[in-house]
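Have a look at this one before I ask anything.
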Amino acid sequence: MTLAAPLPAEPAPPSARPDEARPAEIRAKAAVEDLSFWYGPKQVLFSISMPVAEGCVTALIGPSGCGKSTFLRCFNRMHDLYPGNRYAGRILLEPEGIDIIGPKTDPMVPRMRIGMVFQKPNPFPKSIYENVAAGLRIRGVRSRTVLDAQVEKSLRRAALWEEVKDRLHASAHTLSGGQQQRLCIARALAPEPELLLLDEPTSALDPIATAHIEELIDELSRRYTIVVVTHNMQQAARISRFTAFFHLGRLIEFGPTEEVFTRPRETMTQDYITGRFG
Amino acid sequence: MAGSLPPADGVLASGIRPSPEFLARRRLKDRIMRGLLFAAASLSVLVTLAIVYVLASESLAFFRHVGLVAFLTDTQWTPLFAEPHYGILPLLAGTVTISAIALSVAIPAGTVLALYLSEYADSRLREVVKPLLEMLAGVPTVVFGYFALLFVTPLLRRLFPDLPGFNMLSPGLVMGVMILPYIVSLSEDAMRAVPDALREGAYALGYTRLQTAVRVVLPAALSGVTAAYLLGMARAVGETMVVAIAAGQNPNFTFNPLEGAATITTYIVQVSLGDVAYGTIAYQSIFAAALTLFLLTLAFNVLGFFLRRRFREVY
Amino acid sequence: MSETGLPTTDGRRLIAAARRRDLLFAGIGLAVLFVATAVLLALVLDLVLTGAPHIDLDFLTSYPSRRASRAGILPAWVGSALVMLVTAALAIPFGIAAGLYLEEYAPRNRVTDVIEINITNLAGVPSIIYGLLALGVFVYGFRLGETILVAGMVLALLVLPVIVVATREALRSIPREVREAAFALGADKWQTVSMYLLPAARPGILTGIIVALARAIGETAPLVTIGALTFIAFLPPPPITAQPPFVSFEWLGSPFTVLPIQMFNWISRPQAAFHELAAAAGVVLLVMTLAMNGLAIYIRYRARRLLG
């Protein structure tokens, strides 16, 4: 599926290997179509439609309670864990076009392909190694060599390897908050997710750890398609290629980050990014 | 096993996907475990059904020989005599008397202690007292029985020189101490669940700690505390060893704590210790006695359960 | 109080009186605490002072005897150990499984409600009634006889609710983030439970198991009804044999006695010499149960400190 209007055909980012150049056109990794969502009787998302661009960072911004986290958690059906929740509409995961929230779709299928990092670092009460290996073990990987290699690679990508390589078997709870969050990123990266969901990944961290994670997101965007929820507009401007602005459960504006921040089409967006509310 | 390996760096991640065989096996395992766990949970229902079935079927056989009216009104219980009487009243009297003594110790002491722990004591004292109470709750009942017969009864005889070696007072008092930990921990849980906002409101009105504890916390926690009393009652009524050891095993239609008397539970012990053949009326009679006991405790437990649930709903 | 609302002399007196009552209540609370502690102490001291002098190697390795000076608790503690083996083998898997089901799997419906109410009620059924269940169903219904197997089964049923409740509480205290992280990684229910929840719940479950077994080992009444013999001058067949296959389950079908029954038997005799033996058996029993409860309290305390 090729994206229509809102995505300008930008030149492909520099590829690691020139002979494998990225497609010139940005394609959609996922397409949200007319998505609504209810917590029990209460509707919290109202017919949202937007694409998620492959190989790019998409930021979801908006005042707290606007539904951006709820929206993000639809992508891997996290809401299924609690009774009484209901989806309507479609979220198509490309290239096959599987409807993630379709009633016939096993939530395990999208979860196997989509990684998630939560607001608060939530490592398992296990060793650093086992945390990173978790997703692989869940997928039935047993081979020690594959596990070792993938754990190292993921920790390197999460910029944590140097700090923990000598204590891989120490408890994850011995790490600092920022390290724990990078560990959670490594854990999400290990199964090579096609889509990476970040739910306010820096909100529980100090400024230095936040800067670390932001750099990391930038680095990761070469390889992963990322959707990140943030309450911090500067952060969205710094790290994302596309931005979606939410308010009271509705998608107010979606577009390339630069345009949303410099030439917003909606006055509400304008008000929000200039700090008049939120 | 993993399906595909990760692509070389610089290419978009395409996911390590498990093989279909692995997923199929995983799904099967999940289903089997769910079934097994459900079966284990349902076992408890089977146990209850088995209890009800055994008690009911043997009691039914018993009531074919002994009329229900005689069972409920006869004041003698002498199943092993040549001319047997099967009146549950003497056993009930013993059960009620001993339980009443136990509760008159455990309820006031337990309530005071729970209020003290939840409203007065600081956390350090609580850290010491709670394990102590758990230890007390962990003492085997047969040890409490020994204590009642060979320590408390001789002690009481100094107060009441005519006290027989088997009496209801001593096991009653000891049983009171025995059920104290249950009443304390359940009522303290209820009191601690009372929201602090209520306490703050009371203090803001100028209430003292005692006034807050008695006029605000206790009423607010009432259904939880009542549930604790009920569960304590169920325990007292069903307690066996302390009574069997220290109250004697002689059915005696009296409410006088200074006399010895059998309870429902001691009667069951007494018959079990003797050689009672399967299928005789004596054998069936212990099931009829047990059914009475079961219904009594069930009533207390069910009432306690719903009170506790209501309490949880309020807060 | 005066009309201005400031305390007058009367008001001050009122406050002072209230404060006195406050202190008085604190005093009563402490007194109750003191008495309860004193009772526990008196019980332990009385038992230890009477019983401890009788505890020696002979006491632990002798059979009961009609002569008090020769009697020991060998069959009793061996019986207790074997019965506990059966109880643990049954109660631990069933208890954990039932707890897992109710906390992690059970849908909110009628069936779940029935199971929950039922387990709460089972926890309140007097232990002697379990004894009659065993007598009617296991001993006579299934014709299993008055054996170690039946004793282990009845005690397992009796303490099952303890393990169920402990398992549920341990699972409930695991933050929901752990579950979300596992599901987000693609885990299914059983993977989440077996790989992440059970290991995290281990200290709580272990505490419950120990408390349950401590209760089982001291339980007397339900074993009286299934005729645990009080005079046994032999040991059950050993579980480990010299010939292949080296394990034998013959002991499961053996008659038996256990420590609390042996103690009960000695208390019931008129001679003071046997009462002293009862105290000695009581000391052994008390040491075991208190040590187990202490261990459980310690594990819980440590786990709580580790969690912060």
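The first chain written gets the first letter, and so on, giving A, B and C; residue counts start at 1 in each chain.
Definition applied: a contact is a pair of C-beta atoms (placed from the backbone, for glycine too) under 8 Å apart; a residue touches a chain by one contact, two chains touch by 3 or more.
What you are looking at is a predicted structure, and each value in this text was computed from that prediction instead of being measured.
When chain pairs are compared by contacting C-beta pairs, B-C ranks highest. With chains reduced to the mean position of their C-alpha atoms, the one farthest from chain C is A.
Distance between chain A and chain B, defined via averaged C-alpha coordinates, is recorded as 52 Å. Here the CA centre of chain A is 49 Å from the CA centre of chain C. Chain B and chain C have Cα centroids separated by 13 Å. Shown for chain A are the residues that touch two or more other chains, namely 108, 112, 135, 139, 191. The multi-chain contact residues of chain B, meaning those touching 2 or more other chains, are 26. Chain C has residues 188, 191 in contact with two or more other chains.
Note for the complex: chain B touches chain A at residues 1-2, 5-19, 22-23, 26. The part of chain C that touches chain A in the complex is made up of residues 108, 175, 177-188, 191, 195-196, 199-200.
Chain B contributes residues 26-27, 29-30, 33-34, 36-45, 47-48, 50-51, 54-55, 57-58, 109, 112-113, 115-117, 120-121, 129, 131-136, 138-147, 149-151, 177, 180, 208-211, 213, 231, 234-235, 237-241, 244-245, 265, 268-269, 272-273, 278, 286-287, 290, 293-294, 297-298, 300-302, 304-305 to its touches with chain C in the complex. The residues of chain A lying in touch with chain B in their complex are 15-17, 20, 54-55, 108, 112-113, 135-136, 139-143, 146, 150, 153, 189, 191-194, 222-225.
If you check the complex, the residues on chain C that touch chain B are 18-19, 21-22, 25-26, 28-30, 32-33, 35-37, 39-40, 42-43, 46-47, 50, 93-94, 97-98, 100-102, 105-106, 114-115, 117-122, 124-133, 135-137, 140-141, 157, 160-161, 164, 188-191, 193-194, 211, 214-215, 217-221, 224-227, 260, 263-264, 267-268, 275, 278-279, 282, 285-286, 289-290, 292-294, 297.
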